[in-house]
Structures are given as C-alpha cells and as structure tokens.
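Taking it in order: structure first as structure tokens, then the write-up.
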Amino acid sequence: MKKNLKKAICVGMACMMAASLVACSGNTSSSSGSAAPTTAAVQQGSEAVVPAPASGEKKVIKLFHRFPDDPCNSFIEKKVAEYEAAHPDITIEISSAQNQPYKEKIKVVVGSDECPDIFFSWGGEFSERFIRENLIMDLTSYMTGEWADSLLQTQMVEYTTADGMIYGVPFRLDAKLFFYNKDIFEDQGLKVPTTWDEFIDACEALKSAGITPIAEGNQDQWPGCHYVGTLNQLLVADDVRAKDYNPKTGEFTDPGYAQALEYYQQLVAYMNPGVNGQTHDMARLGFTQGQTGLLYAELVEITNIKQENADLNWGMFNFPLIEGAGNPGLLTGSPEGFVVSAKTRYPDECVEFLKWFLGPEAGAEQAEEVGWFNASKGVDKNLTDESLKEAYSVMVSAEEMGPWFDSSLYSTVCDAYLTAISDVTNGDVTPADAMTKIQRIAKEAQTLVE
Amino acid sequence: MERLKSPKTAVLKILLHLFLVFLVGVIVFPVLWLVLNSLKTNQEMFLNSLALPKKWMFQNYATAWNKGLFHYFKNSILVSAVSLFFILLISSFLAYGLTRFNLKYSNFIFVLVLGGMALSEQVALVPLYKILQSLKLYNTQWAIILPYIAFRIPFTMFLLRSYFISIPKELEEAAIVDGCNSLQRFFHIIIPISKPVLASCAIVNLNFVWNEFLFANVFLESKSIMTIPLGLMAFQGDLKSDYVVMLAGILIASLPMVMLFLCMQKQFVRGLTQGAVKG
Amino acid sequence: MKKKNIAPYFYILPGLLMVLCFVYIPIIVNCVYSFFRLSSYSSSMKFVGFSNFKRLFTNDVFPIMIRNNIYYCVISLIVQVGFGTILALLLESKLVGKAGGFYRNVYFIPSLISLTAVGLMFSFIYSPQIGLLNTFLKNVGLVNLQQSWLGDKKLAIFCIIAMSQWQFTGYITLLMVVAFQNVPQDYLEAAVIDGAGPIRRAISICLPLAKEQLLVCSIITVIGAFKLFTEVYSTTSGGPGNNSQVLGLFLYQNAFLHDDMGMAAATGVLIFAITVTASIIQLRVTRSGQE
C-alpha cells in the first residue's frame, strides 16, 4: 500500500510540475504579447518595423513608467517604436501604472527577478532606499563630456546622492507655482501678490466678493504636503531640514515646522469646501471653469488646464514670500525621471536608450506634443505656445530646486506627516500636537532604518 | 384559501408597494445619475450634475471601449472560465474521494481542507507573493488562477460532499457490477446527478473570481492580462481627468454580469434552492 | 484489490495539494514573517521577535481600525442580515405576490457589479463639488446638510459602509428568500387554519426553519467585515488621515507602501485569528443544526 501511495504522490508532483512548465511558456507568450499591441498601435510616419533578424538574439529591455494617460502615454510608445525600428536587435516592453498604484507596484517588482531594466523613480529618499539595497545602477561613469554638458545641472542635482553618485536622468521638469485667473483678478482690482500678507489680503478680497479663493483637493494627500513642503523651505534653515529629512538623524524639533502648519491652516480657510473629499484633479476643474481665483499647481498641469478650458486667461506667480529662517531662493519642484536597474543584463543599451530618449531632440518633440520639458538644454526651440515658453524660462532660471516633500521623507515619517496634514486640513488636530506625533515617529524611524 | 379583501388589507398592500418601490428608487437612482453623466461633457457634468445632457455624447462609450476595456473583459472571462473549471473538477474529485471510498483518514482530510476556509486571502498575500515569485509565475495569469482555485476548494468541497453523501450507493453498485471503474462512475453517474449543486457552486464561485481584486492587484502587472476589477482602477488612472469617459467605462464593465443574471435568473434561483435543501 | 487503494488518493491528491500549497503553507510562512523585519525589495530578513506585534497593538491607528471593522460588522448585521431578512419575508408575503420576483431581482443586481466599479461610482456620488448627494441637497435647498462625505473624518467610514449596504443587502435578501421558499407549505397552511396572522407565522415558522441559512449569512457577513479591503481601497485609501483605515488595507499598505512586510504579516496573523474564531463558531453551529 505504501508503494502505491508513493506512486500517487509522484504522479501528483509530476502534474504540478507540468502545470508550472505550461505556465512558464504561457508567461513568455503573454509578455511578448504585451509588446506587440504597443508597436502595432503606432503608425505615425515611422519607418516600417524591421522584422527581427534570424540570427543574433533579441535584447529585451523592460520599461516601467507612471504616465498611463494621454498624451504622454502615446508619446512614450511612439518614441519607443522609433527606437526599436532604428535598433532591430532591441525590443522594449512597456508597462505603466498610475501614480498611487505605481508607488506600491514598483517596490514589489524592484525586489524581484522581474525587475524592469529601466523604471521611473522620484529622486531623493524614494530612490535612495533602493540605492541602499544596491538595486539602482550607478550612472556616474557614463555621465561625462557631451552628455553631461547637454543637461541642466540644477536639475541633475536631484538625481545625485550626497556622495556624488548620479543615478538617474530627468524625464520631465516640474515646479509648483500659483496659477491665477487673470480675468477675476482684473475684475476685483487685484494685483499679483509677492508677500504672504499681500497674498492673504487678495484671498480675503476674493472671499468677500463671493469667489472661492483657492481650489484644492487633498484626497490623495500629496497636494497638501506640497504647500507644507514649500512652507518648511521658507521657515526652516536648509541644513536643519537636510538633517531632519535624513531618516537616521531626523528629529523635526525646529519650531519652524509647527509654524509651517499654522500658515497652512490659514490657507485652508480660503480653500473650497470639502478639500479632503475630492482629488486635486477634480478641484482643478473649479479653477479651469472659472469658479475659483487661484490654484497651486505644477507646471506639468498646463497641458491639463488647456485641455479643460482653452479659453482661460491665466497667469503664474511664485509662492508668496515669508520672512523666516529658511531659503526663499528654492523653487519647489523636482524633476522626475528614469533610473536603471542594477540587475539589468544590458546596461550599455539601457544607457544608450536613455541618452536618446531623454536628449534634446526627443525633448523638443516632447515639449511640443506633451507640454513637458526634459533636462536637456534648449528644448523650447520649437515652441510657439507663450504659456509653455514662460514655464520653461521659470525652470531654466531656477537657481535651486526644493524637492517634493513626500518623496524626501522616510516611509513611516511620510505617512505620519501626510496624515497630520490631512487632519490639520480638516481642523481635527492642532499644529503643535501634529508635530509632537511626527517627532515621535521620526525618533522611531531612526532605529528602523538600517 | 379564504381571501378577506378588507380595506385595511388594500391600504397595507399599497403602503408596502410604495415602500418597495422607494427601495427600488434607492437602488436605481444613483445608477441612472451615473448613466446621465456618462453622456455629458466634463464641463457640463461639473456645472450641474443633475441636469440632462445638452448633447447626448454616446461617443464616450466608444472611447471607453477603445481604451482597452475589451482586453479586461477577455482576461476576466479567461481567468474565470479556467478557474471555475478546475475549482469544480478538483473539488468534486476531492468530495468523491472522501465520500465514495471508506478511507481511513477521510474525516481528517475533510477537516484539514475545510480549515482552509477560515483563511482570509490577505493573510496569505505576502507569502504567496514570495512563493509565486520563486515559481516564476508572477505577472502571469496562473498567478491568480492557482490561488483562486486553492481558496475556493474548501467551500466548494464542503457543499459537494454534503450533496454526494446523500446520493444513494445503489446507483453506483449497479455500475460496479457492470464493470465500470471509479472514473467512469464519476463522470457518468455522479456528475449528471449533481448538476444543480454544481450549478450553484459555479455561480457562487464565479461571483468571487469575477470580482476578486486583491490578488489581481498584487500579482498582475501588465495591462494585457489584467482582469476587470483591476483594469477599472487602471482605467481610472488612464483617464485621470476625463471623468465622463471613465463613468461610461465603469458602466460598460458592469453590464455583462447583470445581463447574464437577468437571462439566467430562473436557473440561478433554482440552483440555490437545490443547494440549500441538500445542505 | 490493489486498484482500489490507489484510486481514492488520485481523487484526493490534487485538491489536498492545492490547499496545502496555497493556503496552509502561506499561513505558516506568514506567521514566521511576522517575527521578522523585511520589505518587498530587500534581500535579507532581520529577526525582531514580538516587536511587530507590539508596534501593531500600540499603533495610533490600531483602535481606529478595529473600531471601523466593528462598525462595519455591526451595521452590516443589522442592515444586510436583519433588514435583508425582513425584506425577504415581505417579498414572500401574499401582499406582494407575483411582484416579489421583480423586486427581488432589482435589489440583487448591485451585488453583481464589481467592488471596484461600485467604489469608483460612489466616489463620484460622494464628490463634494459635483456629486449626486451634494448637488441633490443643493437643489432641494438643504445646503447646510452638504458635507465633504468621504473627506470628513467622522463620516468617511459610514459612507463606505452605506455603499456596502446598498450593494449587498439584496444579496442576503435573495439567499433568505430561497430559504423561505423551502419552508413547507403545509406548515404555513396549518398555521393559517390555527388563526396565526402573517407576522406570527413569520416569526414562529419561517424564521426558525431558515435558522441555518440565517446563521450562515451572519457568519459570512462577520468574516467579510474583518477582511474588508477593496471597498476602502477604491474610495478613500484609508483617509482622510487614517480615519477610515481598516485591518485589510493596513496590511496591504504596510506590505507595499511602507516597506514593512513584517508588520503586514503581524496584521495578517490578527485577521487570521479573528476569521478562524468566526469560522469555528460557524462550523459548530451548522453541525449542531444538522444533528
């Protein structure tokens, strides 16, 4: 009887193994299936795709990005198809996910053997946690001469560690400014504010006129932290902030942080009702439909604004100045770009692709079609749109960027801070109590980081 | 049967129907609102979401479909069909083995498999993720089909086993005398008799597999193999601010199961009834 | 004789192996992970003893999560099971008659819609600016009742719970209707002859005979309340500020957002303990019902 039982078990195991073999072949067919529709979908004047040569192996590079919506998605697919046509031995498989799922997904895939060769990663702590695990390739040796000169150094700083390791190349530059409705401002006789007090006065005037001053939606929790991040830059000295953002030394005891939350509270009083109940995109509709006077938005949203209302008469100004211990010369914003996995089998090919994809030619096209600029110099050469040209000059003239607050923080500290800002937005917690909790979490984080 | 049609009964009847119709309104009104807004432009929706559309934008539905809903449907159907087939097959094998042969350990195995019902999917999430990765199944359709099968076997086996126990042994004894082996008896006798309970198991499991989100979210990555629940979330990302098309897409995605139910509701209820009686 | 010995194992093995591989082994592995510190992309694990559990139970969000799961459980029991059963009784009563089938189908349909679809739909309905609720309130002049719904610290979880009741009450109603349809007609007719009114008949005959189905529905509801995930994920992601956080979502976020898989595993152990207890109760009850 035992012998028969053993036999049965062997048969069972064999079946399982057979099933997994079938699954693996199913895997390869489905993954090449995902590349086919993307190349087939693009027919915009690119040369006919050269079929893969019979000899020589095809190099498969996996690209993972976070821009699944158009026009960016189609732009990326088009450029990839162009590159594949020019390099028949390379196939690039694209996958993408939206912002929030991307943040969750990327950590899952980066640690696996299925890690994409090229993937999107925010600069700062977001990438540095991967660097600590040796998961991101060092690009410093490639970044020499012509390539280094063609890129804006103020933006490259974001993808360089404190030790000087360059690990990424920007795909789109970004900065956060206040957008204002020129018509509403004119009707109310308001001029562009430069200091905090002028700004609050303008908001007060709008409110008394029955116009919602600021449009905002904090359901995803990152919009609120952009305000607070900028306020922190203005109220807390740079070196103190650098120390606190580093998880090993973070304390957040400087009084400037609590002050920042208090200033933020003042802003919330002028926002549309239901801030925590809607997304930033939904709130932006309020601005583009002419119902609110101000919107604190990223330059990359210019495309959206034009899509939602091409007739809107809008302008931009920088975050109002507050006299404090911080650095008003920082422009809040951060380039976002791509990094290369340390486990890739084709490091040179990946770098070559990035050089081309994130270079000046592709950049000029990107500026025209998507309205986003990469870090190569002079990508505005073909632009005719005034608003985009203005946005580009803002980027180029920036002396130093102040990175996005949430990607600068360690995961538990980030979660605590975002929660605190959300609570402050609803008026559920005082700035002082919020900071107390953040200080506690920061202390705990010091032991959690390896 | 006497029917006392007093005015009191009539009033009660009207009140009851009013109440039930009110409930129908609670169910239907939100959906109607969504349909209405899916036929507008984004600006119209923003300005007054309760108004009728100025121009009926049926093209929103075409846009939504072309954005890839078809793939999500295809994948959901594929995954559901394969999962269902194996769930029913393996569970009925299991129930058959436990009830038809007097195995020494049949009770122990029954309880062991049944214990699997107590496990919630989330508890297995992290280890399953690591297991699937090491088996190189991550981001394939097997990554969700295999866990779906495994998680539904306990409950399905439980239902089938109760049903099989009540099938009289005499039916099979005749077949044994005729020289049929166990496999033949299984397919020619047991399965045809069990059609009702298999139907209700199929329906309950289909609901689970069709709507499952957590595993699909974690184990699937490529859009080309996403199932509908996951695809809808990706869809929302693709259409970040094109809300009206998004609504159209959501409605399209919800339609098939509703249509299927309306067509098959008689069998559905009958299946549930039979299953309940034997349970 | 030898043939008979292999055959049963052939039938049992696939099912048994699947359950062992994909259900039992992960539980055990999960319990092991809960004593370590690891993230989804790290190559090593660090043993930390009970610290994950300690951090879980002392976490500020822990009472909020448990409270939310319990709210969901209690409200679902009252509305889905309680009200759903009453609705089933009403639909089966003579007063409603043939229309009962129509009503039953309409109420059931929301449960056929995917959870994420319902979540996305209700995100729209609850939207403060353009949503159905606030726009409706504005149009009937009740502007002061307008809220930010999913953005309100106190209301968010109740909005999600309400969404669930909308979706699943009809499902329970259908299950109970089926149970009531199985009540033998002779009992009911005997009761009519004895002079029992409809309410009396419902309470003394229909309910007791459908007791098992009722208890199964209850236990499914309770277990579902503690496994809650998709509804919250597709609407608020636990916000605003962690006020609609639930155990299932907390597990997921720790595993994939906060790089803390050990904590996720510890949460998993807690969920497991709760669902096992509920399942044991269910098995005891149904077994005692059968005997």
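A, B and C are the chain letters, set down in written order, and residue numbers restart from 1 in every chain.
Note that in this section a contact is a pair of C-beta atoms (placed from the backbone, for glycine too) under 8 Å apart; a residue touches a chain by one contact, two chains touch by 3 or more.
All values derive from a computational prediction rather than experimental measurement.
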Of all chains present, which has the mean Cα position farthest from that of subunit C? A
Winner on contact count, chain pair B-C
Indicate the whole-number Å distance between the mean C-alpha point of subunit B and the mean C-alpha point of subunit C. 15
Subunit A and subunit C, separation of their C-alpha mean positions in angstrom: 36
By the touch rule stated above, which residues of subunit A touch at least two different other chains? 105, 108, 112, 282, 285-286
Junction residues of subunit B - those touching two or more other chains: 46, 129, 218, 233, 236, 243
Among the residues of subunit C, pick out those that touch two or more other chains and give their numbers. 9-10, 14, 40, 129-130, 256
Which residues of subunit C touch subunit B in their complex? 3-4, 7-12, 14-16, 18-19, 21-27, 29-30, 33, 40, 87, 90-91, 95-96, 99, 103, 105-117, 120-122, 124-125, 129-132, 135-136, 139, 166, 170, 174-175, 178-179, 181-182, 192, 212-213, 223, 226-227, 229-230, 233-234, 247-248, 251-252, 255-256, 261, 264-265, 267-269, 271-272, 275-276, 278-280, 283
In their shared complex, subunit A is touched by residues of subunit C numbered 2, 5-6, 9-10, 13-14, 17, 37, 39-43, 46, 60, 126-130, 134, 146-153, 236-237, 239-242, 256-260
For subunit B, which residues are in contact with subunit C within the complex? 1, 9, 12-13, 16-17, 20, 23-24, 26-28, 30-31, 33-34, 37, 45-46, 48-50, 90-91, 93-94, 96-98, 100-101, 103, 109, 112-131, 146-147, 149-151, 153-154, 157, 181-183, 186, 207, 210-211, 213-214, 218, 228-230, 232-233, 236, 243, 246-247, 250, 253-254, 257-258, 261-262, 265, 269, 272-273, 276-277, 279
In the complex, the residues of subunit A that touch subunit B are 19-20, 23-24, 26-27, 30-31, 33-34, 37, 68-70, 73, 95-99, 101, 105, 108-109, 112-114, 281-282, 284-286, 289, 304, 307-309
In the complex, the residues of subunit A that touch subunit C are 1, 4-5, 7-9, 11-12, 15-16, 100, 103-105, 107-108, 110-112, 129-130, 133, 135, 218-221, 272-278, 282-283, 285-286, 411-412, 415, 418-423, 425-426, 428, 437, 448, 450
